[in-house]
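Two complexes are shown next, each including chain A; its partner changes from chain B in the first to chain C in the second.
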Partner chain A sequence: MKVTIRSWTGVATWRWVANDDNCGICRMAFDGCCPDCKLPGDDCPLVWGQCSHCFHIHCIMKWLNSQQVQHLCPMCRQEWKFKE
Partner chain B sequence: MSLKPRRVDFNEKWVGLQETVKGVITLGNVPRETWNACFSDVYILCVAYPEPYADKLYLETKYFLDNHVKALLEKVRANGEANLLKCYHKAWVEYSTGIGYLHRLYLYLNQQHIKKQKLSDAEIMYGSIGPDVQEQMEIGELGLDIWKRNMVEPLKENLVNLLLEGIHYDRLGEASPNITDIIRGVINSFVSVEKYKRKGKLELYEEIFETPFLQASGEYYKREASKLLQECNVSQYMERVIQRLEEETFRSNKFLHFSSFVKVKARCEQHMVADHLAFLHGECKSMVQEERCKDLSNMYTLLRSMRDGIGVLITELSEHIRAQGLETVRGLKGDNVHIQFVENMLAVHKKYRELIQEVFNGDQSFIGALDKACTFVVNHRPNPKMVCRSPEMLAKYCDSLLKKSSKGISESEIDEKLAQSITIFKYIDDKDVFQKFYARMLAKRLIHSQSQSMDAEEAMINRLKQACGYEFTNKLHRMFTDMSVSSDLNNKFNNFLKLDNIDLGISFCIYILQAGAWPLGQNLLTPFTVPQELEKSVQMFENFYHNHFNGRKLTWLHHLCQAELKLSYLKKPYQITMQTFQMAILLMFEKTDSLTCKEVQESLQLNSEQFGKHLTSLIESKILLSDTESQTPETVLTLNLEYNNKRTKFRITAALQRDSPQEVEQTLSAVDEDRKLYLQAAIVRVMKSRKVLRHNALIQEVLSQSKVTFAPSISMIKKCIEALIDKQYIERTPNSADEYSYVA
Partner chain C sequence: MLNSYWLDANMSTDDVWKKICLAFPILADNECSRECPEDNVLEEIKELKLNKCIEDIVICRIEQIMRQKITPDFWSRFSERKTEIGGFERFKDAVDFLYNSFSNFLPMLENLEKFRTISRINRVIYGEETLLGTFKVIVTSTLLSQLPLTHQIITEDFYKVSFKVFCNADKSDVDQDESSEDVVQCGGCSHEIEQCHCQAILLVFHETNRKLIELDLLERLAGEVITTLIHIRIENHVQESCKGSFDTSYISSLESWLSTVVMGWLTHIYNVNAVSTQSSIKKFHQKISHFLYETYTRTRIEQLFNIIIEYPDSQPAVEDLRICLQKTDLRLYLTQKLQRALETRLLHPGVNTPDVLTAYVAAIRALRQLDPTGVLLETVTLPVRHYLRWRDDTVRCVVSSLTEEGPSELADELVRGEALQLDEGAPSDEDMTNWEGWNPDPVDADPSKTSKSRRTSDIISMLVNVYGSKELFVNEYRTLLADRLLSQFTYNTEKEIRYLELLKLRFGESQLHYCEVMLKDVYDSKRINAHLHSDPNFKLDRQQFPSTAMILSAQFWPPFKEETLELPDFVKEHLQIYTKAFETLKGNRTLSWKPHLGSVNIDIELKDRKFNLTVSPIHATIIWHFQTKNQWTVEELSQLMHVPATVLRRKIAFWQSQGMLREISTDSFLLVEESSTRSKCPVPPDMVCEDEETESAMASAHDQREEELQVFWSYIVGMLTNLDLMPLERIHQMLKMFASQGPTAVECSLRELRNFLDRKVREHRLLFSGGFYRLPKS
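Moving on to the complex of A and B:
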């Protein structure tokens, strides 16, 4: 071996990949944050349901808390379960 | 002795009493028994049966005092004009003391008889009692009143003339010391003689003495001022005036009632300063320009209390600082322009800050002038078409302090300098430009681990936060958070590798950054084939990351990645730190010693710009040899097997990390974009709350909102309004040309 790599320092950025650009509840971009937050990123994460729909966690929690009987996905009306 | 009222002969008692009264008033020798007897006599007369003699006693006493004072007046007059003050004073001292005793002798009369018929405050204020109603006065008051009428009134003109003359001699420094007491005593007598009055206590003093005194003082100082002006230059003049004012202060303490002090001072200042304001103002300019501290200090003392006095001085100073500032930052040259700029500016600021503290007593209006001048200098653009370079230079200055390379300065010194740079920061209008540059430099420092100390970095960000608020620094804070999140992630990844017994063969470290928070040019991204040697590690990490963080996509910023390589094909082993692209190029030569440019670029998939840049750096450092001067696709690259360097451990990245002019350009255009968004947001906010607003009012509102971070140009605001009309956030109202309404 003429040249060996001893160490490598990598730099990468991350962004959300969702099946939609905007949150179906607040209509804000997933790259941004929900209306109650100031900064996007770790503080305002996204969650996926088993129905594969995706929302800001703050938005879907607000929605679920307002539902008295059954927890349904606001997009497809299936029962809402968090995807692990 | 019985206290019972009884029949008494008034005349008989009065003859005895009168003798004692005379003794008391002339401070003669009155034995205690006599005093006691008379004290009871007063009582007996007041309660006499069948008719009390109180009123009669009062009248007789009044009559007696009347005559006594008249006699004193004759005596005082008889001693001639020259001795008038002295004799008056002597008589007054005796009489005023005596009347004090007499007042006590007539205690019963005062307490029981006179007080009862006195008018209350309310009656005096609101009652319908005419001024001619004669009320009886307590004996002490009566005595003073009689003195006033029989002594002061006839003598007042002579007395006041003599007093003024005495004070005049005192001003000239020719007064004999023993006359001081007399003058003060006499002046005091004008006050004391009316001290019992419930209102207008100082009327007599003001009328007979103070008014002519002020008149005379005024004239004296008028003459004095014009005399001084002829004799001396402005410095001497001011010194003399200040001296005069001090003397006059001392004098009024010495002679006058304290209420006069303010009036005398005002009169003095009127004639010596205010009347010659134009002259003094005319001298300000040269004084400021030559920075004659003593003169300036005197000038400040004199002008401070004048109306409109100090404005000229402030303007002159502000202009002077402005000129000095411009002078010191003009025509800076060399590599460290930013350091010179900031430090020269700080020196100017410090110098004048100290001057103001010392000379102008730290007066706020002067500090304001300093701020104004510094703001002008810092935001000055030599060429109005160019952008102001100050924000960039200040950011660079901070960068040079926070970078590892700044040698020979202690940590506390760096801290000090950073703290001072905030001073300049506050003067910058375009704080958003500074923020952009600062963020970019901070990003580089963090990613290339070039920071001197994290504590210093954080302290600096906190300072910026203090100066400009949370909004301003939150991106900077998030960069810090990402760094610590990344180091956690690295640990987790390494643990994961250990658990699964995977050896990557290299030491692997990674920074995972939030896309929005870092000012990393996405346009520098280029297609790139990761070299085989790295692929496994990168793949491992991506898998690891996706297992941990669902729904996130990683984008590698290879132009920011670094590698440490070991070269073992040369005589000595070398350890070189370089960027990933350089590494990738070098790794191509594993199997062969020469390749053409085209081959290398095609297999790496790099774009030409990045490829060219990194290839050049390798050729310049002589690790690769090129067979032509400039590289074309056909150029043959050969590994330099004769490479030799004294140092066996070094980096060849430095040249690439420097700011290119394009980067500066990009930063500035990014600022422009941000500003447009900021302004549009501001306009929408304003319009949302006001619904309908005229053009000018809207512009004003937007200007005041954006003042904290930058000073937008009117044309930019107009463009933003146009953009919002296009986007149908707002519209022009139909009936007015320059009015907008909010479209919900």
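Moving on to the complex of A and C:
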């Protein structure tokens, strides 16, 4: 007997490759979206800081905008710099 | 006694007695003599000054004759008979006899009345001022005092026979053409047509009734029989007219039947002197008209379950019933009857849920026509709602029929669209502009509900209200949608999007947001697949077979059943390449495969056969392994594929049914490389594996909810450990405070909580007394 696969449609779930499940700012799942968004993934992406912490981009931007003096990572209090 | 009034010493007692007897021969004679005494005889007796006494003696004598002779004679004619006609004759005979005897008394009564006048006696005997009146009372009371047990049979015969003749006369007017040559017997008198007695019977009937009326005996003697006969006749007629047909209104035809046929007969009975009997006929008409309505209403109520099932074809019957309910007092009867019918015919395990739902929807429509206030609907269908709530697949059935292809009442209803109204909502303001058209709710209305909510809630709302929670409903829709998307593997979601839009109109945007993301996932997957395959940089073009994926946003899909499957390495390599390609495209994102889900198209080449099949990954994997080795035990495959043996055995059954695998010993399967002639089953090419199970990949809503509620359980145990006793409301408040915070907030209505706690009580994990819950002493 010879079995030949002509096509294979699989089912997969996508997830962010991050060292945590939830955003440290909004507490929502990374694979979900921030409270201001409706659609996950492309529409509500993650960003990483040089400190290696990551957040929903909308969450960290809001956070940074609310900081008057210095831009610090809300998790580790180091200066926040976007990872290149 | 006579001595005390003795005045004339010249007359002996005998002389006086003779004189009295001369005036009233009845006293001496056994027969009523018709001879009238001379006027002077009466004058002479008057001189005796025994006036009242004489009258008493005469009346006493009349009573005696009635009691000892006439009445026994009259009733003796009511003895057994052989035929109805025989009975008819006997009744006539008896009445004739009575009438004659009665007439014989009349001259004597006249005489006595004369005596009364000249001796100026004014007295009331038996409530009657005239002697004729008194006499009639005597006749009636004596007759009734000797009433034989079987007298009704003969009376019935008399009226039955005549009614039959009467109805026949009426009928032959209506359908003359039908009573054609083959009818030899007259439908009225059962004689041969040539010798029809109908005319004679009617004549006798008329005459006899006239006599009874003259004697004031018609009501007393025959009233009950006539009424009973009419009732039976009405019942039969109603039954015959409207059995099984619900698409015609019968009220007017029944009414005209009543006023022509039945009333015609009654008029025939009473119409001796029209003026005096008119009012009693009118009263009779009202009574039997009420009886007709009641009978018809009862008949329709008996049929109501079938009427509902046939709705809207049965609209005329429902409309009849609506009118009848206003004229009768049978609302409660209807409620009880219909509830019982629903319980016995609908609410048992033998009826599947879609059928219960269909009946429920029909009931909603029919009962709303029957009672626009909605009260009847609410009361009658309460058990149905309770029952549906208890069935596991209700929500699923509702949702699937809502969004089903083809004609479906619910789908139509959905398209009709209207914002969803749930009972929980605050009582809405009654419409003040149309206050003059206001009507109070019926007495059996539930005062805790606004009449507006009853009047306006539509069918879908009623169905959703079965569960009382939009969330549960929407969740079930989500599961259904997930199953549909993952079983079809077409990326064509146009139709689903259209339904989703309709559902959003009803359930609101936010409730259905998850479903929107799911549909977007399917759409995006299509784009990603196309993109990855079109760009050679992703190296998918070098694969031995094209691999594509349905890429899901896990947070938005319902939870999946946990299942494992180890795919063949060859396949895994392909999927890894796909994953790499995805990672390259999306950056910082990766895929987790659900290996048991998907759809595989395979060619199978055997020595003498070739197939192309579309199967599930697990089926593909099983047959794949038979390439390297043509015989496997379930145990071996189970270890290799990481699939439980029970599941495997079920899946292998598919390949057995295809004639590809054969069980050579228990749990050991062999590839059938060459089909023997007998099992040469022609498998159509390009078939899709119609699996024995179209089972859901999702955990059912019920399971999900149970799991969610379990979260509460630990809270509840904690609370009760600390506080010992708590009422339901308190527990609910506490849970709201503590358990429903954070991203996985779980809502739980008071009712749901009560059900949950009650179940724990049944499981003996909680105690409930005096309105308080507590933990059992361990």
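Things to note:
Basically, the second predicted complex is superposed on the first by the 70 of 84 C-alpha atoms of A that agree within 3 Å, B and C clash if a C-alpha of one lies under 4 Å from a C-alpha of the other, contacts with A are read in each partner's own complex, and residues count from 1 in each chain.
The rule is simple: contacts are C-beta pairs under 8 Å (C-beta built on N, C-alpha and C of every residue); 3 or more make two chains touch, one makes a residue touch a chain.
The structure presented is a predicted model; accordingly, all values stated were derived computationally and were not measured.
Of the two partner chains placed around the shared chain by superposition, chain B and chain C are both touched by A:Thr13. When the shared chain is aligned, chain C comes close enough to touch A:Met28, but chain B does not.
After overlaying the two complexes on the shared chain, residue contacts for A:Val3 are found with chain B and with chain C alike.
In the superposition on chain A, A:Pro40 makes contact with both chain B and chain C.
Across the superposed pair, chain B and chain C both touch chain A at residues 1-18, 31, 38-41, 46, 48.
Per the touch definition, chain A reaches chain C in the complex via residues 1-18, 22, 27-29, 31-32, 38-41, 46, 48. Looking at the complex, you find that chain A touches chain B at residues 1-18, 31, 38-42, 46, 48, 54, 83.
Of all residues in chain C, those touching chain A in their complex are 486, 489, 513, 516-517, 520, 524, 544-557, 571, 574-575, 578-579, 582, 586, 588-595, 597-606, 612, 617, 620, 623-624, 626-627, 630, 671, 673, 742-743. Residues 447, 474, 478, 481, 485, 505-518, 520, 533-534, 537-538, 541, 549-557, 560-569, 575, 580, 583, 586-587, 589-590, 639 of chain B are the ones touching chain A in the complex.
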